[in-house]
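In the part that follows, the structures are each spelled out as structure tokens.
First chain A sits with chain B, and in the next complex the same chain sits with chain C.
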Partner chain A sequence: MIEISLNQTPPEYRPGDVISGRVVWTELDEQTTSLETRLIWFTEGKGDQDVGVAISIPAKLTAPEGNLPFEFSAPTRPYSFSGKLISLIWAAEVVLFPSREGKRKQITISSTGKELVLDKSHKDSALKSAMRVSS
Partner chain B sequence: MNAKAISEKNQASGCGRVVLFLFGMVFAAFGVGFIWFAIVAPTLKSNAAKSWIETECRIISSVVKSHSDDDGTTYSPDIKYQFETDGQTFQGKRHSFSIMSGSSKWANGIVRNYRPGESHACFYDPNDPSDSVLTREMDWSVRGFFLPLIIPLIFLLIGVSISAVAILGWGRKSKNPPAISSRADTSLHNQLSFSETSKLNQFTSGVHPEDQLDASWSVPKKLKPENSKWILFLIVLGVAIFWNGIVSVFVFGLFTDDIGTWGRVGMGLFLTPFVLIGLVLLFAVIYMFMSLFNPGVEIAISTGAVPLGGEVDIAWEIEGNARRLRKLKVEIQGEQSATYQFGTSTSTDFEIFELIPVCEVTHQADIEFGSATVRIPDSTMHTFDGGNNKVSWTIVVHGEIPWWPDVNATYPFRVKPTPSQS
Partner chain C sequence: MTKQHSGSSTGCGAQFLAARENPLCMDLVTRIKYRFAAQDWPWHLERLRKLNYRAAVVGPQGSGKTTLLYELLEHFRGSGIACHHVFLPRDRASYPGLLEQAFQKSRADSILLVDGMERLNLSERWNLLRMTKRGPGLVVNRHRACRFPQKLPTWLKTQTCPELMSQILKDLNLDAPVIQSTGAAAFAKSNGNIREALRDLYDQFSSGRFNEILAR
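After this line comes the complex of A and B, so read on.
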């Protein structure tokens, strides 16, 4: 069994923030030889899924039980967002090899730490930005 | 039980695409096979028969043969004849090399020309007199040539399209995360991502492909329209010529072929929607041709990559006769797009999530040239290209011209993350 946990609650980060946590594993079968802790983003929604791995830290397993701390720096982009068609989600993920099974914890990364909501009707009032026209 | 890691998903998608490619190739092979047997082989045989020997033959029997299936009954001439050469008698039953059947009236028309006991010219292969034919000319009519061609062509087009989608899809899917065994290539799996070999320092130092793009765009820019008017016109013209070229063959056959009154009515009804689509395409060609003479709009911005929460100066200038424009509207549009496969087809959906007015002017001087300063909200999303899913930003220009196609143009630019964070 493997688990991944984060040190920060809620898991909201700005670019450059430290994303830290711990991977704990117990009773892993003998075939599992290594793991990777990854900071990934993926899309959900109408489009076919896109996945990106921002950072990946590999580790060899020497015992069937153990734990490993990890630390990433939150990337500058892309921001977490949710729209009518697609959402972009960041996550800290641990992957076991060779089975490629994994666990993940979702996080958000943006300039405010919050997920951006892309909804035109939601923002109409905010769009009346200052505008100067000259000719 | 742990689930498969999301960053390890889609690795087997290449297998599905191989199957899709092969499926398309089978379709295409059927099309090619049909075209070979229905058109190419008879045409080659017809050409070869030009050197055959002409002789006189006697018609033994001449009847109309019917062929029934789920789609109805068709008819073909069944004519038997015999001729003599070098003291030997040979029999044949081939009317022509074209493989076809049709209406009862058509088959009867042929049979009437070959009554039992009559003598007619026929042609035989001097090397194999058992190979003979009554008429060695190919039937180039709609029934004899184009109808046998159209279904195989559809098979061929569908097959090639499916295979093309499979091949193009391979390119996109190759950006998915690789197996750990190919970790050295991890940095290639997505244009927006880095592997552990990139190291934390490198990643946070801003050496990101999208950051590099932003940097190259972060200068005052004269923007180019997303689609050239000429290219759009030529595409529509090409489609219209192709569509109407095929439809016109059938329309021509409708008036020239001997298919009877009811056949003509049925064929006419069948062709009506195709003709209407052809007319719409012709209208589109005329519309787009007229729009080629529209005044152009030049757009320049103070920076091609605007930060979230930042301001941008947008200037416009009309090229050509600005007086033709009654109104000019400029907007900034943020759009998300999602590309997905459904069966064998690939579709893309679009959704506008941000619409920021830049100007809406009606005075001639304001239309001719002007500028505006606009702020991009910091609560929105920067430009993003994940392959299938994208967030893009454009300046949309709409100019109204009375009694003439309007001016419509879009100019892509970039929005980058908040500057203090990048």
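After this line comes the complex of A and C, so read on.
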């Protein structure tokens, strides 16, 4: 069994903030040889999914039980956002190898720490804000 | 396949449902399993084996051909059968590379699964059949049965019906009568194309129409 936890609640971060937490594993089978702790983003919505790995920290497993702290620096882009058609979601995740089983905790990254909401009323300003950071 | 909905989106009012909360977002829709009209996977796999793994999945758009092919890929991989999946996109620029890679895999004893055979022109189709003739297998998706069934017999015909649409919505925990009736209307409007019907429903969810139901 594998779990991932974050030190900060709510998990809202600004670019440059430290995203820290801990990975805990118990009763892993002998075939599991390594794990990776990652900071990823992915999209959800009407179209095909897209995924990006911002930071990846591999680690070899030497015991069936253990824990490992992790620390990432929150990237400057892209911001977490949601519209009708697409949401961009950041997450800290841990993946076991070779099974590729894992756990994930969603977070938000933006200038305010909150997810940008692209509804009609402030779509333009929110989008411009996200674009400025991305460019 | 469950997902909790806040029902009121990300603080943007009842008129809006964030994409990540939409119960018909791609992540959830792609988890829907193919449903056979009759028999089960072992039976159909045995039939495919008797066809020497050389066959076509035939059906109209949005009837589950791609879903079926992906599940077949999982079954092959789970059984240790070497296979290679090729998805032919609408952008034809990538075809030569994709097909060349596919032929190499076929020569390396992998069963080829080709999604979107109708996107190939006649000469490319002929080439595909010829190049894979001595390989371990070729399973393709196409809208119509092969003109030369002795070369590529039909393994399965995919089809849809209103009951299937209803069951898919139930699988997505969308059992409310108003959602079911809207789904039935979308199914009829799309002429039985379930993919289109689900996309239509996605838009209706994103407009916030069903937020109250999701919040219950």
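Please note the rule applied: the second predicted complex is superposed on the first by the 120 of 135 C-alpha atoms of A that agree within 3 Å, B and C clash if a C-alpha of one lies under 4 Å from a C-alpha of the other, contacts with A are read in each partner's own complex, and residues count from 1 in each chain.
The rule is short, and it goes like this: contacts are C-beta pairs under 8 Å (C-beta built on N, C-alpha and C of every residue); 3 or more make two chains touch, one makes a residue touch a chain.
As the structure is a prediction and not an experimental result, all values here were calculated from the model.
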Superposition on chain A - do chain B and chain C clash or fit: clash
Partner chain in contact with A:65 - chain B first, chain C second, else both or neither: neither
First (chain B), second (chain C), both or neither touched by A:91: first
Chain B versus chain C as contact partner of A:83, first or second or both or neither: both
First (chain B), second (chain C), both or neither touched by A:50: first
Partner chain in contact with A:14 - chain B first, chain C second, else both or neither: first
Chain B versus chain C as contact partner of A:115, first or second or both or neither: second
Touched partner set for A:36, first chain B, second chain C, both or neither: first
Larger contact residue set on chain A - chain B or chain C: B
Those residues of chain A which chain B touches in one complex and chain C touches in the other: 45-49, 83-86, 117, 119
Interfacial residue positions of chain A with respect to chain B in the complex: 1-2, 14-16, 34, 36, 38, 40-43, 45-58, 72-73, 75-79, 81, 83-86, 88, 91, 93-104, 111-112, 116-120, 123, 126-127, 129-135
Parts of chain B lying in touch with chain A, wherever the complex brings them together: 1-10, 175-177, 179-180, 183, 186, 189-190, 192-196, 198, 200, 203-204, 206, 208, 210-211, 308-309, 334, 336-341, 349-359, 361, 365-366, 368-375, 377-382, 384, 386-389, 391, 417-418, 420-422
Chain C residues touching chain A - in the complex, by the definition given at the top: 9-13, 15-20, 22, 24-27, 199, 202-203, 206-207
Residues of chain A touching chain C in the complex: 44-49, 82-87, 89, 115, 117, 119, 121
